[in-house]
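Order of writing sets the chain letters: A, B, C, D, E and F. Residues in each chain are counted from 1.
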Amino acid sequence: MADTDRTARAEALLDEIFTPAWRQHGVAWPTATGLDFARICTEHCYADAWARRGSLDLKTRSLVTLTALAAIGSAEELKLHVRGALSLGHAPDDVAELFIHLIPYLGVPRMVAAMRCAAEVLREHARR
Amino acid sequence: MADTDRTARAEALLDEIFTPAWRQHGVAWPTATGLDFARICTEHCYADAWARRGSLDLKTRSLVTLTALAAIGSAEELKLHVRGALSLGHAPDDVAELFIHLIPYLGVPRMVAAMRCAAEVLREHARR
Amino acid sequence: MADTDRTARAEALLDEIFTPAWRQHGVAWPTATGLDFARICTEHCYADAWARRGSLDLKTRSLVTLTALAAIGSAEELKLHVRGALSLGHAPDDVAELFIHLIPYLGVPRMVAAMRCAAEVLREHARR
Amino acid sequence: MADTDRTARAEALLDEIFTPAWRQHGVAWPTATGLDFARICTEHCYADAWARRGSLDLKTRSLVTLTALAAIGSAEELKLHVRGALSLGHAPDDVAELFIHLIPYLGVPRMVAAMRCAAEVLREHARR
Amino acid sequence: MADTDRTARAEALLDEIFTPAWRQHGVAWPTATGLDFARICTEHCYADAWARRGSLDLKTRSLVTLTALAAIGSAEELKLHVRGALSLGHAPDDVAELFIHLIPYLGVPRMVAAMRCAAEVLREHARR
Amino acid sequence: MADTDRTARAEALLDEIFTPAWRQHGVAWPTATGLDFARICTEHCYADAWARRGSLDLKTRSLVTLTALAAIGSAEELKLHVRGALSLGHAPDDVAELFIHLIPYLGVPRMVAAMRCAAEVLREHARR
């Protein structure tokens, strides 16, 4: 499969998880090397991981991605994937239930910070 | 609900996830304070988290627990919960598929270490 | 002991460490699940840990809590517990002395970030 | 060598890496203990590490410092050292190339966050 | 103060915390650069941190050091400092009480791993 | 470029960094999914990162890789890449010098653990 296929496969997944709204985002550093950086990040996540589907459906992949992001304290990416979780069909309280499960594993301070991020997106979503 | 209920609720879950085999494990430091340590760890994980079930079934809780443990590099607990995942009905390749999903989020070295731990348990299981 | 006792025990400690001012804080995500999240966080920290007192008095528990929060880079929780440390009777320079001790263990960048957070609270406190 | 030599050695390096502009920065908590904190941080980094030069020149030390800061998610220090990297003669795309190299080792979310910080400094630099 | 004073100051503290038994340990990589590595590690911890004493006595410094080491999952250093805690006058259960306090902050898996390390030293100590 | 090119590009780099000796290593979990796991890890590191060369030569990539691995406490991967560093032409003391540089950034306990791993490989190498 050609590299253009990798990119296409990644973009199809991004459309499915985040709706085509993601296409409006710019790139942090838009030189050739900066564009390579953005492309490799996208392909690693979406062509090499999410696009496999198989024994893990997209809703389950959403929960384990939220877990990984809460564990490493990645605030901006966590908000993005809470949006993805809702758009893939999770209820807001699924995210809260996941975060309760993670308290003993990742500790209270990390989960309080994660909930603060998530709640920002959940409240926005509730208002709509 | 009384504290004895918390303990009972935690132990019922441990039986369900790990089979009653877990009851043969000793305690690292068996003074009154050391026993409190062990009891609080068990109650936090099993009475306060796993026992809630609700919108997350045990098989899903197993995958997000494996994710959290891979993220913090907790080798012994990871092996324990790979055993739990198999006993809850996951196929060995579900664990491998989960770990592929996590490569871009947690990085190659952390996932190679997690796979090395998990494969030890998976090979043992395959031999039976 | 009943669950209502756990909550009462946690709240008594919160009053003692932070003064009843903490009661004015809202909850990040106020559904039933979101309230469970907040209650479990509070009980784990204050009913299961701080309320034990015993061989570690509250002022010592304050210092080890600050250490744990600096180690995991938990900015908001660190500010909260610097306030707690002052209200429990620590001098502002006790925090600075603690942070000097931690430089070789946690590294300069983590401690510079922790000091930046703490100094915000310490300067506020000095102005009063 | 006397302690005043340690301070002088550290300050000479700071001048070389960041230009004397760093001398305008204040100290987070300016009591005697707070000043000790700042001095020890500076001496550990610049008198004990950077000033050794030897088999690692300053440009290489810059790249490994950026790597360490990206790994621990130290946003403010990362911006500071991207400025240092440019002032020591690295091209902006050297930073982007370094960050591409680190994606598989530190994971996409950590590197996206690092690139967001770095790009802020790189765009500022490009505008001049 | 001359560098030889830094070394002497660090070694006096090492004698006090660990008894002169530490002097029998070898160095991991005994070239000139490897010896510099060992010396700088020792001076940062013992001349720059522990030797300050001041508002934090050695027994308190012991508890916050154990906390930092549990937080970063540093098994070998944790065992060393559990030995130090006992030799400075802490009871074995002080360590267990500290670890109970840290469960909600650092999470169950990290503290179970820390207790496993500590219990090895505590059991050895109990046997004497 | 086709996927077979990605694999070939990764393997050429592995030959160059580690000599073809790496080809004797088995795979942790040799099902189709387990082989995918291994292939993706290899391609992310060697086809997407190391093979770019460009403004960062292989010897520099070796140092920043060692830094990332020391930062995340990845013992087995660290030993592998110390072997790679020596085979790419670094002197043993280059590794020790790098580790001295990282003490203030990553903290003493992490670097003592990294040096313990590295020294195992360096002593083996010195014996030959």
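The rule is simple: contacts are C-beta pairs under 8 Å (C-beta built on N, C-alpha and C of every residue); 3 or more make two chains touch, one makes a residue touch a chain.
What you see is a predicted model, and the numbers here were worked out from it, not measured in a lab.
Number of steps on the shortest path from subunit A to subunit F, with steps defined by chain touch: 1.
Common partners of subunit B and subunit D, by the touch rule above, are A, C, E, F. Chain centres computed from CA atoms place F at the largest separation from subunit C.
Of all residue numbers used where subunit B meets subunit F, under half belong to both copies. The two sides are thus made of different residues. Taking each chain's centre as the mean of its C-alpha atoms, the one that lies farthest from the centre of subunit B is D. Note on interfaces D-F and C-D: more C-beta pairs are in contact across D-F.
Rounded to whole angstrom units, the spacing between the C-alpha centres of subunit A and subunit C is 30. The geometric centre of subunit B is 29 Å away from that of subunit C, both derived from CA atoms. Residue positions 33, 36, 40-41, 44-45, 48, 52, 54, 68-69, 72-73, 93, 97, 100, 103-110 of subunit B each touch two or more of the other chains. If you sketch which chains touch which, every chain touches every other chain without exception.
Put simply, subunit B touches subunit C in their complex at residues 1-3, 33, 36, 40, 44, 48, 52, 54. Touching subunit C in their complex are the following residues of subunit A: 73, 92-93, 96-97, 99-100, 103-104, 107-113, 115-116, 118-119, 122-123.
Within the complex, the subunit A residues that touch subunit B are 41, 44-45, 48-50, 52, 54-56, 60-61, 63-65, 67-69, 71-72, 91, 93-94, 97-98, 100-106. Here subunit E touches subunit F in the complex through residues 28-29, 31-34, 36-37, 40-41, 44-45, 68-69, 72-74, 76-77, going by the rule given at the top. Per the touch definition, subunit C reaches subunit F in the complex via residues 103-110.
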